[in-house]
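There are two complexes below, and they share chain A, which is joined by chain B in the first and by chain C in the second.
And now, the complex of A and B:
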């Protein structure tokens, strides 16, 4: 484990905001278990719980908390300077942090998504949701790590993307789904385990290409922005 | 002093060079056309708050792009060039530390980030350098302000840099810690390191025998030997507000004194201009006593740092 990822992980779990990660996955599994226990048909509760809560809220919000936590929080309190005053090439700082963010997000989301998929349909759907969420975790993490370097208000900007762009526009104007990580994840999960619970207008090849582009593009952007990292002085 | 044995003399020295460096934020000019060359030894960067010291230090350390001009360390630009941190250490003003780590863990992690051949030994050496061994296994979160500062200095020194930049390093330190830090900086400077520290407090810089760069309102106002600058500062005209039982009689007597350059008789007492702070304050009670005048109030006016520094700019 590299020193950067060690410090990042300790910083992440040492902050109280980490506790914010717990309620959402618990809520997801609880809702799925209650629906299943009360004998509601999966075609009724599946889409709202799996997509409406799981992929549209739990995955992006957890990714947002973690993704802005690995770098944005250090920029916020100034501790990022300690890592930056070393000769480490900047990609050796961004990649470990991204790995920690994507890994923590993937584990936090994939486990409840697997449980919810299992309760809704089958092990296969559970695994599909877990796998697709993990891929989505990487894309979201790359996005939110980059956003941490583009603005001093990464959480706000991230929320606008998740709630306004993906949450609101994605449902009203289907064209915006082409630029929605949430729909890439739905397309991928539906491809791995075809059911009538997951539906999207985004094609699988598009989802694959766009997920790769988002992950790679925002990672490169983050590395470049970190090279030009400016410390806020007394004048700003 | 542990600092002396640990800071082994080096054969190579480094020079930090600023050539016509300016930085502006929109319409606000924070640093205005500053050129200086910093070589081995201790240099104090002195100036009132808001003079642009931090902005200048950030540009030196490669954490801010100059709007104009260039900062180079031995010919290599510091901006967008993380390689310079092999030779450069920075202790920033913000008291930002990983509170969840112990000082030793923190310094060791920094040593590992620098990919030093023996990070444990380097970390132990750096912790000893700032005399933090006794508390090295406690979480930094439990430290006092001065101890946190020393932990950050240890981290900045762990790779034994040729150049060390410190932004207001004496803030929050008690006199003993301050003295120790001074000694540490001096021993590093004597060992051939290039040390620059900023301060807005005259007395801090006073204890440094090296050169001083004075910044006022974004410009380099004065630079050179501290004693020369100190003389300029002590010999500047001082203004005092004096109230007594008989202002007019006191004014007449004061005008005869060589240290007094002007007296103004106002409704609320006298405004006295004196060329020499020490001579005037010693002379005043004697003169008043001789005339049978009782001095009720003696307040130095215009003693703000800004006025001292702006005097320097004019000098």
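And now, the complex of A and C:
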């Protein structure tokens, strides 16, 4: 484990506010357990919990907070200068940070998604959801790490993507789903474990290609932006 | 020992002898500054991007609705329904505006400067809250006014304009309810942290994670739970109060999956009052603690 990833992990877990991430996964499992316990049919509670809460809220919001936290927080308080002045190639800064962000997000989201999928249908659906949301965690993390290098307000720009693009437009204009990580994740999970709980209009090959493109493309963009990065003061 | 040679020069310092404005003016200044902050007025262009993006989208939607109505002669949505259909944008606007209002002051540690003025501790959060309520109400009210103007000029005679006005006024009141509930919850969350990024994430997380709870409660095999489901989330709570008080103005299509409240309408109104009162009380308690530091 390189020093950069060690520092990043400590920066994430060292603060109490990391505990703020816990209510979301706990709520996901609790709702699934309550619905199962009350004997509601999975076709009724599956879509609102698995997609409405799990893939549309928990995954992007956790990825947003963690992904902008690994690099954005250091840029915000200026301590990124200490990392940038070391003789490390830029990719050795971006990749460990991205790995930590994707790993933390994947663990935080995949475990409750597995539990919810298990309660909804079968072990297979649970594993499918866990695997797909881990892939989604990587894509979202790459996107949000790159965003935190492109702008000084990464969280708000990320929220524009999550709320307005995926949340609002994705439901009104279905064509925008081809550029929505949430629907790639749904398509992947549905391919691994076909059920009637997950539905999307995005095809599986497109989802695979686009997820790879998003992950690799935004990682390269982040490395490139960090190469010509200039420190600036607090924005007004 | 030589005589001290120091001289005190009169360099023209003067006491302020003009009128001293009191508490009301401090409150007014904070409020006006707050409303300007939410829209980024008097700030750099970067601070205007996100508020005006939201304003642009809601005005575009209102213009589209007005144009469709003028051409086809059929109302796409009533004034009250406008607020409901814009709920995601309202959440985003709160996530942009609330941290700007309170988190910056917490982070830069300027609160002692505010409280060294003749400003009671409760006035600071209340002025900020009022500013956010006003901003949200303007955000939801201005498009409704635009829809009203479009409808008024296509209506036949004063009679039609009067009917439109009677539709508009409840819509504006309903927008006010949205503004009060969302502003008090959002400002409370934002006042907990000095980091704008975390405040924005927290606000969105709280508003979005409550919606699926409603979805679960409304499929439980108990009718009482179904009818009380809307209480779990701020947006459905506001919608419930709207369904109870406005009725037909909010429900134009009975098949559209409007939640059934049963006889629990007053419970929704009471819950909304309790939620707002609770959030304001917690906000005041929070500022008692912050101000004491």
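As a convention for this text, the second predicted complex is superposed on the first by the 231 of 236 C-alpha atoms of A that agree within 3 Å, B and C clash if a C-alpha of one lies under 4 Å from a C-alpha of the other, contacts with A are read in each partner's own complex, and residues count from 1 in each chain.
One rule holds for everything that comes next: contacts are C-beta pairs under 8 Å (C-beta built on N, C-alpha and C of every residue); 3 or more make two chains touch, one makes a residue touch a chain.
Source: prediction; values computed, not measured.
Touch criterion met: A:24 reaches chain C, while chain B stays clear of it. When the two complexes are overlaid on their common chain A, residue A:98 makes contact with neither chain B nor chain C.
Once chain A of one complex is fitted onto chain A of the other, the partner contacts of A:139 are absent, as it touches neither chain B nor chain C.
Once the two structures are superposed, chain B and chain C can be ranked by residues of chain A touched, with C on top. Residue contacts after overlaying the shared chain place A:35 against chain C, while chain B stays out of touching range. Common to the chain B and chain C contact sets on chain A are residues 235-236. Those residues of chain B that touch chain A in the shared complex are 25, 28, 30, 49-50, 52, 54-55, 58, 61, 63-65, 80, 82-86, 88-90, 92, 94, 96-98, 100-101, 106, 109-110, 112-115, 155-156. Those residues of chain C that touch chain A in the shared complex are 43-44, 46-47, 50, 53, 57, 88-89, 91-92, 95-96, 193, 195-198, 200-202, 204-205, 208-209, 211-213, 215-216, 219-221. On chain A, the positions that touch chain C within their shared complex are 17, 20, 23-24, 27, 31, 34-35, 38-40, 44-45, 48-49, 52-53, 56-58, 61, 64-65, 68-69, 72-73, 76, 152-156, 159-160, 162-164, 167-168, 235-236.
On the side of chain A, the complex with chain B involves touching residues 3-4, 6-7, 10-11, 14, 77-79, 81-90, 227-231, 233-236.
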